[in-house]
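For clarity, chains are labelled A, B, C and D in written order, and residue numbers in each chain start from 1.
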Amino acid sequence: MTTKNTAILLISCPDQKGLVAGIADFLYQHNANILHADQHQDAELKLFLMRVEWELAGFDLDLNDFEQQFAPIAARFQMQWRLAHSAYRPKLAIFVSRYDHCLADLLYRYQAGELNCDIPLILSNHTDTQWLAEAYRIPFQHIVVSREDKTDAEKTQLALLRHHHVDFIVLARYMQVLSADFIRHYPSRIINIHHSFLPAFHGARPYHRAFERGVKLIGATSHYVTEVLDDGPIIEQDVARISHRDSLDDLIRRGADLEKIVLSRAVRWHIENRVLLYANKTVVFD
Amino acid sequence: MTTKNTAILLISCPDQKGLVAGIADFLYQHNANILHADQHQDAELKLFLMRVEWELAGFDLDLNDFEQQFAPIAARFQMQWRLAHSAYRPKLAIFVSRYDHCLADLLYRYQAGELNCDIPLILSNHTDTQWLAEAYRIPFQHIVVSREDKTDAEKTQLALLRHHHVDFIVLARYMQVLSADFIRHYPSRIINIHHSFLPAFHGARPYHRAFERGVKLIGATSHYVTEVLDDGPIIEQDVARISHRDSLDDLIRRGADLEKIVLSRAVRWHIENRVLLYANKTVVFD
Amino acid sequence: MTTKNTAILLISCPDQKGLVAGIADFLYQHNANILHADQHQDAELKLFLMRVEWELAGFDLDLNDFEQQFAPIAARFQMQWRLAHSAYRPKLAIFVSRYDHCLADLLYRYQAGELNCDIPLILSNHTDTQWLAEAYRIPFQHIVVSREDKTDAEKTQLALLRHHHVDFIVLARYMQVLSADFIRHYPSRIINIHHSFLPAFHGARPYHRAFERGVKLIGATSHYVTEVLDDGPIIEQDVARISHRDSLDDLIRRGADLEKIVLSRAVRWHIENRVLLYANKTVVFD
Amino acid sequence: MTTKNTAILLISCPDQKGLVAGIADFLYQHNANILHADQHQDAELKLFLMRVEWELAGFDLDLNDFEQQFAPIAARFQMQWRLAHSAYRPKLAIFVSRYDHCLADLLYRYQAGELNCDIPLILSNHTDTQWLAEAYRIPFQHIVVSREDKTDAEKTQLALLRHHHVDFIVLARYMQVLSADFIRHYPSRIINIHHSFLPAFHGARPYHRAFERGVKLIGATSHYVTEVLDDGPIIEQDVARISHRDSLDDLIRRGADLEKIVLSRAVRWHIENRVLLYANKTVVFD
């Protein structure tokens, strides 16, 4: 994968006339070659959401000056906006417990060049997955988390994250609930994988409950972590058909394949700045 | 579709050695040509479930004598069992309110010979779908259901069902909750379609709630009706992918396609005696 | 379904800077409220494709003057373009032979308001589906097509299509091959449903060949008709999983459900002016 | 995964009365506890296919004596049959070229205990994947294959396979065509992954051709290798939806995920003795 040298502008603002013209004119005046532009209007909330990506080769505005130059347009349309540079590789920390399938999948994709990020750190409350970290040469930190010392453990975790300038966190089947305080340090920057089709079977042991309920499909859900458990904005979901022939163990095994795919899609979209949040849900620009 | 002339035996009993041999010997002694045999063991509940279908041509036992002849085997293995004759067309009553997509789909499939049943009766608390009943020449009964007179309405409905010797009922988007008393008249013989992937969004307005929650897939669930709302044994489920581009109206339109397919599969499987119930869930022998 | 009052502009031209700005400025100057804008760049062919839809309420340019006003921009960017008015209901003629499932599905959706078109005419080389046409009150024409008189039959068909000002044609399992001459009268305006996942099993008897080959999925493909059989631009495809338990009859029955859905999606997208053609393939703007 | 201690009997023979009774009686007389029994009748070819699995604990017949004891029944019904012991771990050799995604997936699943086999050997005509073999501690052999010396290379390969008592071979994106002579050494024991929905796009560069044809779904197919290229019995297939937004590189990346899943399913089913071959197609007992 060759690294692209593009800029990405993500915008959300009240819907109004002249928005597209205003943005397109600004980019054209600076000689931008637009590669992708995607927009969405929420008719009910009267909201305009946009993602536009352009080549930096030929663009005559230094990205450091972008904010100042773009400010009048942003003010005129009351925009919330964010500029990203595709060449920047965000720093990802992976949290994991014992199950290693999601970690193995992320590390393989990282190594294969599918994920345009750096992984300075894997954090685990167990040592089961250390061999994987070593095979892919990623630093591994074992931090015990017990009921009594969760606060201390989180302090240690946060210090490590700061030290490595971590941009976002992926909970790759991390079996500890993070404190509200921890989450506030990484708002909309912690991605979790839940092993059910949320909101069905939120909480613990979803495969057991799916098996008992006799559903005909199992699912997995990746979402941003908020203070309400399993209630954050959903990034991606998928399901697989099961039948009475599938035992609980089969559900767990087949669910693991779903979890891997659903989580890795969410991580890639997050890295590629495709996800826009509003009203506790996401727009994923494809 | 040519009508098959087969017998179907459905069995559920404690799992134990010699079961298959016992059943297969009995059928072989009476010269049965087995067309399909499918079995399932629930390892946890130590339960054996079986569906076996054989041709009646050549079978030397009159079906009227089957019970008496099979009784010793059934007793030996503590079987719950049921014999069905594929040439018998069960009598189906369809309940419907205003939405007509499920009704239209069932009637088309009925007319096309996909559903091996008779439909002596369509019951509705509205008249919106009367034209469809007339196009397919099915008797249509309009029975108003108001909050005060639900008991009276159900009495009228039950009388009609008895008069037409109805075997089972399909709620094709029937927007009234049936009383526990009504349900007891047709245990495991009322099939409902719920417009969500149960247990997510049970209860009212599932599409609205799916839209608000920002799920990435919508679903539909067909299930037998029990006294607990939306909690009966699930027969079939399916889902479709949606995106932020889909408005609430799109969800409703696309969901209608799911509902049709999920309901018609459940109805066909019920008619073909493929569904076995246990532990509030279903085995669907395919 | 309330009829929208919008204009839709479909553009294809060499990719170049300033395109989006040029189009957006033009619309903004005429006070357009853009509802949807979607674009696609083909990097290899250096092609820009766009669909933009805006409300006509408040738009200060009469659509009859649009061409003249837009001409300078179109010329500057060497555009191929087309303007559509969402309130216009295109006239659809359905061709059908004996299988009625696609016809029944289209007529139901038409009646339910899902297809924003008029259907002045159903043409068939058989009379099997006449009852359906009558149930939905659509004029039905029976035109026999024999090997010797195909030319005459097509003359009669073309005269009827002209008489009814037909805009586009759907072949809903029409089992006759249209002549190249006929097709030239409706370029990119004849939609066919093929009962396989093209290009697998193009030509005759695809279900039989799928069954023999032992594939694990069956499919259906809707495409525009060109002079090369089963080779026109694909609009939509879908598949369903099958197993050894499915007989050839099961494949045909289950395939029918795929055909209905795949064809109706293509027809709706065509009506909603979502399909852009280039390089013998389609972009479907969703 | 705890290793099961079961026996599996796979049978194919002309369909006839008394088959199930004969087999079930035999097993019952030897005190077998049947865990799974699945059968299939091919009505057209009048063929009976069966897979039955029973616990060896309590079974009073030594598996070494099985053939002799079962011979009369096998002869009576003209059976082709095969007995497998679930505790036996077949020996798998993986052939790979440069693409490593299928190899990485198989090795992960092997290590996670999903594949009940041994992998004594990875063979490659390149060294790109050696690091993966080493991470999972599997012996890796680099054997150069050039146009002139394919025969010599195959001799070397065959010698290695014999030396390691290899039972079956998986071509995990191995980009060399095997000779008919080589294939004859492992009839129905070489599994290939083809990166298209066969029979569409058989032969070379399927993603390129899928992209050019403008299909709306891409697929992958795992099949047994026969002397006719890409024509062997299909074990498993799956597809994924694509759109005009997907570049050729996206197709290749997304196809890789399909290839992994489709291949690993086929390998697992083969190991679990679930696949029965007849008429150049497969029955996969689930």
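Some notes on this structure:
Just so it is clear, a residue touches a chain if its C-beta (ideal position, glycine included) is under 8 Å from a C-beta of that chain, and two chains touch if they have at least 3 such contacts.
Remember, it's a predicted structure, so these values are computed and weren't measured experimentally.
More inter-chain C-beta contacts link the pair C-D than the other of A-C and C-D. Note on A-D: across the candidates A-B, B-D or B-C, the interface recurring with over half of the contact pairs conserved by residue number is B-C. Look at where the CA atoms of chain A average out and do the same for chain C: the two points lie 37 Å apart.
Inter-chain spacing, taken between the CA centroids of chain C and chain D, is 41 Å.
Among all residues of chain D, those that touch two or more other chains are 243, 245, 286. If you check the complex, the residues on chain B that touch chain D are 17-21, 24-25, 27-28, 31-39, 41, 241. Residues 40, 43, 197-201, 212-217, 219, 233-234, 236-239, 243-245, 247, 279-284, 286 of chain C are the ones touching chain D in the complex. Across the complex, chain C meets chain B through its residues 100-101, 104, 108, 112, 114, 135, 243, 245, 253, 257, 261, 286.
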